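In the two complexes that follow, subunit A is the common piece, with subunit B as its partner first and subunit C second.
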Partner chain A sequence: MAAESHSPLEQFTIKRHFHLDMGGVDASFTNSSVSMVVVVILISALMIWGMSRRSLVPGRLQSTAELAYEFIAGMVQENIGSKGKKYFPFIFSLFMFILFSNMLGMVPYQFTATSHIIVTFAMALFVFVGVTLIGLARHGLHFFSYFLPPGVPMWLAPLIVPIEILSYLSRPISLSLRLFANMLAGHTMMKVFAGFVVALGFVAGWAPLLFVVALTGLELLIAFLQAYVFTILTCLYLSDAIHLEH
Partner chain B sequence: MDLAAAKMIGAGIATLALAGVGIGLGNIFGSFLGSALRNPTAAPKLFGNLLLGFALTEAVALFALVIAFLILFT
Partner chain C sequence: MPQLIFADYPPQIFWLVVTFAILYILMAYVALPRVESVLEERRKRIADDLEAAERSKKDSEAVIAQYEAALAQARSRAQAISADTRTRVNTESASQRSATEAKLAGDVRAAEGRIAAARDEALAKIDGVATEAATGIVERLLGQVPAPGAVAAAVANAARK
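After this line comes the complex of A and B, so read on.
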């Protein structure tokens, strides 16, 4: 690895723009906060500006907004059914936030908010707690039958129930770690290969440069894919809590 | 063996998870292609599931990467 100031992990450092101390809690406005604010502004701009005209033949912006809406509406309908319509706003904003954070991270010199586990873990924990509460509210104590799948013989229950509980509790960890690790690994890999371009110089540097270009395409795909996976898993968890058949 | 060298070796060993991930990804795409050729009309419907399986499997590789980073940088 090169000198410390050119480490491929340098891009993930948090910089405080101005200090803010809220009763012992460090609530400074950091570069991570800036990128999250930018993401929210971009999403709002797309949805408000895109839908303000509301023409029958949609323009470019309106098409994008409608495409995103229909994509998530289809996903919710397919995975949860008509009972999931209530949760559509939450799932839509979750998807748009992750997608825009990931995509904003692909802009050079931009900070990726989702490359920090605290951000993704906060979202995953919110989904986890919310889904559990919805399940409890809908089914009451019957919700705990989720941990004993139907058709399992009784003598297997002492083995199955702890496994099911463990897998249920590990959901927020795997959900957040997947998004965080994908973003971290992708951006680190791009920086490492970009470092090769500089190290190999003018003569041989074009080979890793081509690779970086291809890698950027792959990373754009991953950025979308991870937003999709996070959202679809949220849908599946919600569907589990609402229908409670398996 | 000093600690720094042991860390390097440990991080290298942590990447062995990629062997399983490679097998898994090959399996996912191989079986998707195989079944898509048998029944091409059903293939577009399963593309979402393919991506889901791909991302879930790929995540295992990234968990290994996180472990490797933890070993190296802590």
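After this line comes the complex of A and C, so read on.
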């Protein structure tokens, strides 16, 4: 791998495998698309093929699938309550998509779809718009009372309401930036230190190599943690919109 | 920075929408209902088994109670029988003993009477024997037979001392 001659950011380059045009929109199949398709295939393999035996006493794969199901079901139940049941498939898909994207990025030579701001921002924006629409549909214009917390004196309203609106509007930005920045920083750092291993050679290269090994463990944790954070924040936003409470 | 090449945005969004939609449909309509049914089946099975175990436990407890009751009944009956037997045996032996004692007492009294009679008889005879023996001794010593009245008087005299 002639990696040291490239920038550490080179790994994030989008490469078009074949060009595709959808009504004037560039829909080329890229390395990012490959990783997204692989992610969907892997999740489906786990959740559909892994569950195909439907055994009473689950095997390893079935246990994993059930664990994922119960983990997200518990999260939805805990954060949204029984009203969140119909959003469970979406929350589950979101968590698994982000988790598998992040984890796939830990496999050498694999592209990390979630390391691109446009991908995380598209997901965050979808969550944001969806949550807002659900809130509006459930509570109508009463939804806007969300921006004025109960018990706040009226003379504070001109100050509180813009702050609340601003914090509400910044949700998709913070949500998407958090995931994107973590993936970007982690992979860039790995690349930089891996470059040191090669640059320092056989004699001194062991130190950065050990660091890269430790960093790999940390990155696995972050890959899970960021998927968890993204999902649980989505749950909390949904809960806000459904219950209209602070 | 490759993340800021805007020309790369449309294909990424397009494929994100396509793959995520497929994933959502697969999860919502195939995978998750299946997992749920398996989990539900297991929950039901476990609940059923627990219920069956509970029922069996209750059954066995009832059987144990029955057994205990039967055991207690048998024990009290055995105690009654043994107490009964004991009193009967006691009365029987007591009556037997008193009968035997009465008979023995009669025998003892009869024997004592016989002994007293024999003693009296022997005492009555002893004077005659003594007189006879004294007559014989005197005859050997003196060579003559004493007067029978004298010997008898002497014996009676000695016996009185």
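Note that the second predicted complex is superposed on the first by the 240 of 246 C-alpha atoms of A that agree within 3 Å, B and C clash if a C-alpha of one lies under 4 Å from a C-alpha of the other, contacts with A are read in each partner's own complex, and residues count from 1 in each chain.
The working rule: contacts are C-beta pairs under 8 Å (C-beta built on N, C-alpha and C of every residue); 3 or more make two chains touch, one makes a residue touch a chain.
What you see is a predicted model, and the numbers here were worked out from it, not measured in a lab.
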item	value
Which of subunit B and subunit C A:Ile118 touches, first, second, both or neither	second
First (subunit B), second (subunit C), both or neither touched by A:Ala185	first
First, second, both or neither for A:Gly81, with subunit B first and subunit C second	neither
Partner chain in contact with A:Val229 - subunit B first, subunit C second, else both or neither	first
Partner chain in contact with A:Ile48 - subunit B first, subunit C second, else both or neither	second
Partner chain(s) touched by A:Leu177 [first = subunit B, second = subunit C, both, neither]	first
Superposed model, subunit A: greater residue contact from subunit B or subunit C	C
Set intersection of subunit A contacts, subunit C complex versus subunit B complex	9, 184
Complex contact set, residues of subunit A against subunit B	9, 174, 177-178, 181-182, 184-185, 225-226, 228-229, 232
In the complex with subunit C, residue positions of subunit A that touch it	9-10, 12-14, 16, 20, 22, 25-30, 32-33, 36-37, 39-40, 43-44, 47-48, 51, 54, 56, 58, 62, 65-66, 69-70, 88-90, 92-93, 96-97, 113, 115-119, 122-123, 180, 184
In the complex with subunit A, residue positions of subunit B that touch it	48, 51-52, 54-56, 58-59, 62-63, 65-66, 69, 73
Subunit C - residues contacting subunit A, complex	1-3, 5, 7-17, 19-20, 22-24, 26-28, 30-32, 34-39, 41-42, 45
